[in-house]
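Each of the next two complexes has subunit A plus one other chain: subunit B in the first, subunit C in the second.
Coming up: the complex of A and B.
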């Protein structure tokens, strides 16, 4: 039923060509035996039962959360850090389509895919934390909850996930060879990108605005009325850094996809993104200083939390800013990539600081995530990596589809 | 007595204003730092070993800037530049009777006359690649009837110039890939000169002889040279 005869090339089978990458089922299964798949398989084997256990026996059975600390690793890492690191989609989309810097097009589709999968996994992480996944549509159709900042976050994430689906749909339609659908999806790109930037501005900052409702719980050095601005600006930094890292890793792992195509100067793209990251980090550093001055808690810098704050501000904001600037000036793409990795870690540390480490900083029994929480987060990331690889191996993400070459 | 409101300073606001002003002031040098292009590091004091890049028949070293009038410039210090005529110019004109170099202390302008090649009572000017003041001349090359050194980018240097506007000057000079492409175009022009009736032909081996311009047109070799030297 899925076969058609191609007189020039023998029997064409859509599932074999597009799902099994041209291999027979036996060959495909044999190709799955790799060290990465072995490790990923073990993680899934251990993590998926924990997820089932969480839904069967509740949060208390799996996490170290409590009435005092209702938010932990899943919110801090999977949701907050996940949303920040998925910001590469709107940053690159606005760079290419709104600012007209077409030379960054080669990294746009991978960035949108990273954003698409990132937001999907954010929703998965959120559902894990909230429980009762059948209530996911409630903020849309049943009980809005307009008094909560989370109402805005829920709507924004829903709409932005739709936007990302529409932005990624041309790639899917090219893979399916649905030309008309692809043409229609490509036609609405600009509008969708504008909507994506607006929505991202909203929800990136809203996730920071959540902490405005708990000024006494967050350590004074991290709390500021400017938190929404911090989260928005650092999401741009996270997006740029994540695109640099993801491009470097993808081009190494999937280099066979790139050899036959048009030559792309990835180093030039990396240097350009590094320059942008350097400038935004510079501005972000001064915005944080402004918040510090506004709070007036200079004396707290000489405390253990204060020293940790300085590690975050100097080691993961100012230091990468200067190294990016130096690397761009010296045209050292390798140093840019290494600095981007440090920057990604810095954004994750910032989100964990705000939501977990410096939150409820003065309670008697500070929260420490359980091994099952850590395993669940690692499982979610592994699922994301496997899905990313599955899509990149089959769809025209890193390469151009032969029917649409030069049409972007 | 209550202090006047206008004179009351809130220390937090003062610090915030200082931070904002510092950001604006520091952003300018930061932006210039990020956007600055690296100027090649100074060459070693001893005679450098050139990674010669041969384009067609002529050497086009990678660590040298070229002026379209076939002068070259090499950065040797903070703002000291060594200047000479390139391999193409040497082979085009051949051994000149003398080279009239400017005196130490003379001011040069980029794209303006710098020195002259004198031979057979004819004189051909060449243009300076940089702005600046001459701080040294190569007496050995300037002496009449002295055979020019075979290394136009080493012992064959002509002037040392103190160039205060080096960064701006280098923006109008060619180096690296651009210089090689330029030399390829020069060679195409030279070939067209050599075989105007046949159109473009490619020689099957061979090396250019010294004084190609005289071989092309003995009576008008200076005109050919001026055409290539843009004078």
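Coming up: the complex of A and C.
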């Protein structure tokens, strides 16, 4: 802290201020020795060689994927769940900029950062999973399979990643003190936000539509012509719940970031988001019931898969919906946070159910991910957490930049 | 920020460009292929197959694959086999109609669907349905996403998991031979007449005629006539197809149509959502602009 004051009083050093958080290199390196970093370092130490191994020897050497199960944990968790959990960006951007609910601005930037990093990690996960990852841009630049849902997803994800970069750019420009660029970036906000919402609507739902081509492989309780709608609506839920969880965690970990700025009533924001989550969860529960009635597979409910379906529907949709409503009524922000965590888990379970667990339900040897697949997914999440922390510690994400206080 | 004319034009431009880029998806997805019945196909009469596996050997040779495993050994039939990156067609043995009857041999390979799930699922047109019938593979385009494998109801596209630089592999109906005016290797090699190559339309008539003329020999169904919207390879059998390892739960909907509604919605969402969202924004903005006046009055 003293160092920071000294340096600002003496010669100003941008790298020291903005990259080393105001510390000298030696101090900075010493500050990196923490239990979190030790664990994260161990994970990377174990995970990165596995990634190298995967590229050297192919998917068969690392994964338990098979000719029957072409998509596993990396698609189910890294891509499908990843995209859903990164939905906070478009949900909060539309809340603040389109619906005009300015009181949620304090959680917008972290939500957009989560979205940006989330999609970045999704692309990383996808690169690991593709047989020929360097051809990832092919659907955009080389050969157009316009009849494919995946073609649409590729375009949307590329464009939305660009949108997220633009949405996050004012933060970076403030950090770099590029005032002109910051003004330009802020000037296109509404257009960018609208584009972001449209692209998100399209690809969140299309990720569900991918599974429409597997009517004989996905369990009838999960297979529904409404999957695209389910994926879209549950992405809103995931976005809201993730923002609640992430706000709670950030405000515990990055407490020092929040001192000095104007007071933000995090509990009020949390309760508001919880209320929204409760309403959307109820809509989601209802359309899931409609799908159940439409499919007419009531008899399957009393099977092992049926009971698992009910766990998802009652335990991770209806239950959090009711608890959110109760907690908001009682103004219990802590309960809202706990419920949000349950909801996040529920969305992950849903994506894994559709892509892995209830997929190939009628196949004799079910797919179970290898330890290397799990380790790789954990490594990707760890990279995300480290990057998130690196950015939050340096850029005006949780705090406001002194030059732009109250300017939004 | 106000939505001034410049912003609006920028936005309209962006939306226009993206909807143009996506528009063909809806257009191309709709409507049956005009050449559906003219396409080439193969009739597999399982009552004629003697299980010599000559087709397997010919297939491997023609496609530059390793010779079939356990060639000439009866033990190969003990386990039901599936196609693999090294074997595009396999013959399996199933028990006959009643105990003691001759076993039934069934050749399994790509069905060359009339409107294939794999090709419509491919984001880069690596798998392509040709007007002549075969579903071909352009390996220079394949990104290795394996969505074709998810979308094939017959479990045909195979991925080279063991390779660091993998491709998808499957029977292409010997398109290299068709180009030279030859029949697919399997059909040419078949000594028993179980495999007949020709136009799908003609083969359907042959198949129906066989069933009509020998109603006791065949189940009254041609597998592939309607399954998954119709397949290029058609099967005749003496026993229900479910007993021969065929997927029994396929609907008659072509797989390419399963995602059609979803894709058709894209241009509509692209064009209708932005004005709607901007209207919401303008509404909120107007309310916000009037708000301070109210507080001033108070």
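As a working rule, the second predicted complex is superposed on the first by the 399 of 408 C-alpha atoms of A that agree within 3 Å, B and C clash if a C-alpha of one lies under 4 Å from a C-alpha of the other, contacts with A are read in each partner's own complex, and residues count from 1 in each chain.
Criterion: a residue touches a chain if its C-beta (ideal position, glycine included) is under 8 Å from a C-beta of that chain, and two chains touch if they have at least 3 such contacts.
Predicted model, so just to flag it, every value in this text is computed and none were measured.
Of the two partner chains placed around the shared chain by superposition, neither subunit B nor subunit C is touched by A:39. In the superposition on chain A, A:268 contacts neither subunit B nor subunit C.
Within the superposed three-chain arrangement, the count of touched residues of subunit A is higher for C, of the candidates subunit B and subunit C. In the superposition on chain A, A:176 contacts neither subunit B nor subunit C. Once the two complexes are laid over each other on the shared chain, residue contacts for A:55 go to subunit C alone; subunit B is not touched. Contacts of A:329 after superposition: subunit B is touched, whereas subunit C is not reached. Listed in rising order, the residues of subunit B touching subunit A in the complex are 12, 15-16, 19-20, 22-23, 27, 30-31, 33-36, 38. Those residues of subunit A that touch subunit B in the shared complex are 275, 278-279, 282-283, 286, 289-290, 293-294, 296, 325, 328-331. Those residues of subunit A that touch subunit C in the shared complex are 55-61, 63, 65-68, 70-71, 94, 97-100, 129-133, 135-136, 138-139, 142-155, 159, 186-191, 194-195, 197-198, 201-202, 205-206, 209-217, 225, 228. Contact residues of subunit C toward subunit A in the complex are 1, 3, 7, 10-11, 14-15, 18, 21-22, 24-25, 28-29, 82, 84, 117, 119-126, 138, 141-147, 149-151, 153, 155, 158-168, 247, 249-251, 255-256, 258-259, 261-263, 266, 269-270, 273-274, 277-278, 280-281, 284-285, 287-288.
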